[in-house]
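Two complexes come next, and they have one chain in common, chain A, joined by chain B in the first and chain C in the second.
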Partner chain A sequence: MNPVLRTEALELHHATARGALRAVDGITLEIAKGETLGLVGESGCGKSTLARCIVGIQNPTGGTLSIEGVHPGTSRATRLERARNVQMIFQDPWGALNPRLSVERIITEPLQVAGIGTRAERRAAALAIAQKVGLSPYHLERLPHELSGGQRQRVSIARALVLNPNLLVCDEAVSALDVSVQAQVLNLLLDLQKELGLSYLFISHDLAVVRYIANRIAVMYLGRIVEIGPAEDVWIHRLHPYTQALINAIPDEAARQDDAPILEGDVPSPVNPPSGCPFRTRCPIARTECAESRPELRRVGTHEVACHFADAG
Partner chain B sequence: MRGALSLLGRLARHPSGLIGMVLILAIVAMSALAGILYPDGPWTMAGPPRLWPGADPRFPLGTDTFGRDLIPALFYGARVSLLVGVSAAGAALVIGTVVGAIAGYWGGWVDDALMRLTDAFQTVPNFLLSIAIVGIIGASLPVITFAIAIVAWPMIARLVRADVLRLRTYDFVQSCKIIGMSDLRIVFQQILPNCLAPIIVTASVLVANSIIVEASLAFLGLGDPNVMSWGTVLNIGRQELRNGWYLTAVPAVALVLTVMSLNLIGDALNDVLNPRLKERK
Partner chain C sequence: MTLLHIDNLRVGPGRSAPIVEELTLTVERGETVGLVGESGCGKSLTALSIMGLLPENLRVRQGRILLEGQEIQSLPQRKLRHLRGEKMGMIFQEPLTALNPVMTVGSQITEVLRTHRGLSANAARARALELLTLVKIPDAEARLNDYPHQMSGGMRQRVVIAIALACSPSLLIADEPTTALDVTVQAQILRLLKQLQQEENLGLLFITHDLGVVRQVADRIVVMYAGSVVEEGRVDAVLDAPRHPYTAGLIAARPQGSFAAGAPRLADIAGSVPAPEARPDGCVFRARCPRAQSRCEAERPALVRAPTGRATRCHFPLTEGVPA
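Presenting the complex of A and B:
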């Protein structure tokens, strides 16, 4: 079966005065139908930029992107076409809804822009989708500021789902919510996935959340994927020193491995990344080879890792 | 429509908003009734010249150097002041909003070009530019309105641009792009309604400002010679300042009250439209 999303060597370089800023630097990945790919990494590693390329807010400068086997262009018609396949949920539930529009208007807007249905049909669609995401009919009359954070996020989800997309990009979709509300929204996403056969690209800096919801995990560093594989495998047999450090940074004793490194310093500048392995400047096991050649993703056991010295042992 | 009515209602419950609205309604009534109460127009010589206010019960506010009654002059002057004030402010608002929204949303060289143009207008002293335009093209109401609007729009443009710059990064705008909404619709339907509050507040100040500029031009003798404006009376009074200061004082009081009422409304709008102060019913 064709994957819902496939990227190959996807690149987004911004031209800056000091040279190219490599926000996304050669990402190759696939998401199958009904699958959730969790994408983790520190802020500034290019997660959100990748998401913006996939939904079409930004145009990649290199590589290929295909959604349902189609390479989306940039014209208005292909934007509308892409909108029916990919939608996005944002982090900040307060900024993601136009404060002056009613919830019904917010949910029906994608249909209206796509020219689908009459007013009454769109209203019926809004009612149906609102029910699916756990909103009551009276919520449709409300303005966003009359809703709680969790309810707003449900409105965002309803708006994203009203066009029946196959892929939902969730950019830190639960990070701004209270922990109890987080769990509700995560479970809603899981239920909707089961019911509608959705695929998710679930972006988060919160590894515990990603482990809970994702089938596979991809770890991103400085615009590249450094480790990717089945979720539990990556969690338990983490091979890349960066993955080890990330998981070790979770304040939870059970997850910690005593010999794992603690991350120090900041992500290097993507304008002038380190030679060889981009992680070597913060890596505890870096050797001279790491500065000379860049490790490519290679298969180790059940997953793939980009490190010269990571092995199944 | 319902929103505009509820805005008026909230304005009426605000103390300075109420005073401002009563005053401005009185001035609107004056200009509406001018033709009915004084069908002869403001130019007729009705009595002896240089009559002080109160000297003759037929002319409670006195007469000017040509024996023209000052009350019709005030009534007809209100017409000109409001007409020029509202239309100049309206034109400035439209130009400024469009320029600011385009510059803020599209950014890049479009923004650079439009903002340099705005800078160019702002570096020239406003009133001098207005005088120059009226002086060169000629004094008629459309030219005066144009001369006022052309110097007022840069302020609106900067205001709108700043707000659009802030709003365009919001996720709801990104979401509209994702669903394939056209840029024009995003700017005018999604973003602009969200920066309406500062625009409305500035508009009331802009009307007041335009009225002052019009009166100043007329005071300098650059008013439309075919219409009686408060500035026209001021211009006549200037020559009589030593022995007939009431000729200056009467239209000046009318101007002060009008401008003050608009500023009061502006203040009230600022409070009423501020969402942090807004009480929900």
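Presenting the complex of A and C:
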């Protein structure tokens, strides 16, 4: 069976006055049906740009991408076909919804654009999907500003699901929500996945959330994947020094960690990345070899890691 | 003398529908108090009330704010302006908007020193250099001439901290100072704040929604819900054995482990925080509370304080995780 999504050496380079900005720099990954791939990394690592390439908001400058085994083209028909397969939920439920449209219009708009159903059928579809995400007919009459943050995010989810896609790209979809509401939306995403067999690409800077929801985790640094594997395995047996630093930096809710080692410095510029291993400038175990050759992803146990010395110590 | 003492504070647009009510809070010198709660609970307005920076439509309606024993809630802006900077400094969530984009970092620090301390240009620049070194900005001398956009988020937040500390205040208020930062940079800034707090013997009021961050930095924790304090105590005591159902709900709502590997569904708190004008009678949390009974509707619970300093606003608090 084809994976829902496959990318092969996907690249998005921007030309800038100072040289090429390698936002996405050779990403190869797959997402199977019903699977959640969690994508983590610091701001500027390219995770949102990758998401936008997958959905089709931005066009990759290299590599290939296939959705349900098909390479999406650029004609209107293929773009619509892609939209029926892949939808996206954004971080900010304020900015993602048109403030002048009723919730019902917001949810039926994708159907209208795709030319699906009569007006009455579209209304019925909106009502059905709204109930599935925990909204009532009352909410369909409202404008976005009349809803709470959690309700607005449910509207975003309903709009994304109304075309019955196979893959949902969630870019920091719960990050703007309060903890109590965030838990509601995460539970909803899990329920919908079970019921509809959805696949998720779940992007978040909150590693505890990604660990909870994902089957596999991919860690990005400067446009590249540095570690990928089954979620609990990456979490517990993290091999890449960057993955280790990221997870160690999470403030523990259960205990004080006054002496935990801290990663110094900032992410280098993607316009002028370090030679060899892009992480070597902040890496606690870097050696001279790391400046000379760039480590490629290689299999270690159940996951893959891009580090010369990940399994050395 | 208590460094900061807020006594029964009420803040709102008018006589009715207060946004913050019955707020009592203390911060001692050398102590870090974590003020936590979800958006709309009034934690940021509390900070702005202390600084005298409330938006025009909001005012302190009742209660007192004492800084080193001096009442400051009714001081005229001219006098408050003197206290801000000299006695209390503030760090904001978003360092990019807290800094002036068209002034160099150096001149933003020296501006404070020249206004408050009347330092000469040279003396102010020397002190600015000291401050940037204090907040561990590498190559500080060159960085004085940088504009904010030339710096990373973490470096910008260090500059904001340097400005807040320029006149050696005794109270530092930090409102979500690491929320906009990446987790590795957050760890750097938290460590810096803890170290500065100890070195300068600061009283630190640390506002955040992140219980993990509170655990790392705070001595005491104050939990707010819908404008009021619902629980207070030593940070370990409260987070290890919460008594208010809201505190317990916040802790349980955070993901633990992996769902695919067998972790349970998240224990969400049904509904959402009521708006100030829509707060129910009785206990403000009762509509979302799994333990609510008829008494919770009839009677607003008082904040009951034990001799240990532990305080809870609940008719039916949890005791050691077991229903009372």
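By our rule, the second predicted complex is superposed on the first by the 302 of 313 C-alpha atoms of A that agree within 3 Å, B and C clash if a C-alpha of one lies under 4 Å from a C-alpha of the other, contacts with A are read in each partner's own complex, and residues count from 1 in each chain.
FYI, a contact is a pair of C-beta atoms (placed from the backbone, for glycine too) under 8 Å apart; a residue touches a chain by one contact, two chains touch by 3 or more.
It should be emphasised that the depicted structure is a prediction, and the values quoted were computed from it without experimental measurement.
Student: Let's test your reading of the overlay: on chain A, do chain B and chain C clash or fit side by side?
Tutor: Verdict on chain A: chain B and chain C fit.
Student: Which of the two partners, first being chain B and second being chain C, lies in contact with A:V226: first, second, both, or neither?
Tutor: neither
Student: Decide which partner touches more residues of chain A, taking chain B and chain C as the two options.
Tutor: C
Student: Looking at the overlay, does A:A183 come into contact with chain B only (first), chain C only (second), both, or neither?
Tutor: second
Student: Quick one: classify A:V234 as touching chain B (first), chain C (second), both or neither.
Tutor: After superposing on A, A:V234 lies clear of both chain B and chain C.
Student: Taking the superposition on A as described, I'd like to know which of chain B and chain C A:I262 touches: first, second, both or neither.
Tutor: second
Student: Of the partners chain B and chain C, which touch A:C277 in the superposed model: first, second, both, neither?
Tutor: In the superposed model, A:C277 contacts neither chain B nor chain C.
Student: So, does A:L29 touch the first partner chain B, the second partner chain C, both, or neither?
Tutor: neither
Student: Enter the shortest inter-chain Cα distance between chain B and chain C once the structures share a common frame, rounded to whole Å.
Tutor: 12
Student: Determine where on chain A the residues touched by chain B overlap those touched by chain C, and list them.
Tutor: Shared contact residues on chain A (touching chain B in one complex, chain C in the other): none at all.
Student: What does chain A use to touch chain B in their complex?
Tutor: Residue list for chain A touching chain B: 52, 55-57, 76, 79-80, 82-83, 86-88, 90-92, 95-100, 109-110, 113-114, 145, 156, 159, 163.
Student: Where on chain A is chain C touching in the complex?
Tutor: 36, 42-43, 148-151, 178-184, 186-187, 190, 205, 207-209, 211-215, 231-232, 235, 245-246, 249-257, 260, 262-264, 266-267
Student: Which bits of chain B are touching chain A when the two form their complex?
Tutor: 170-172, 174-182, 190, 193-194, 275
Student: Enumerate the contact residues on chain C facing chain A in the complex.
Tutor: For chain C paired with chain A, touching residues are 38-39, 152-155, 182-188, 190-191, 209-213, 215-216, 239, 249-251, 253-261, 263, 265-270, 272-273, 288.
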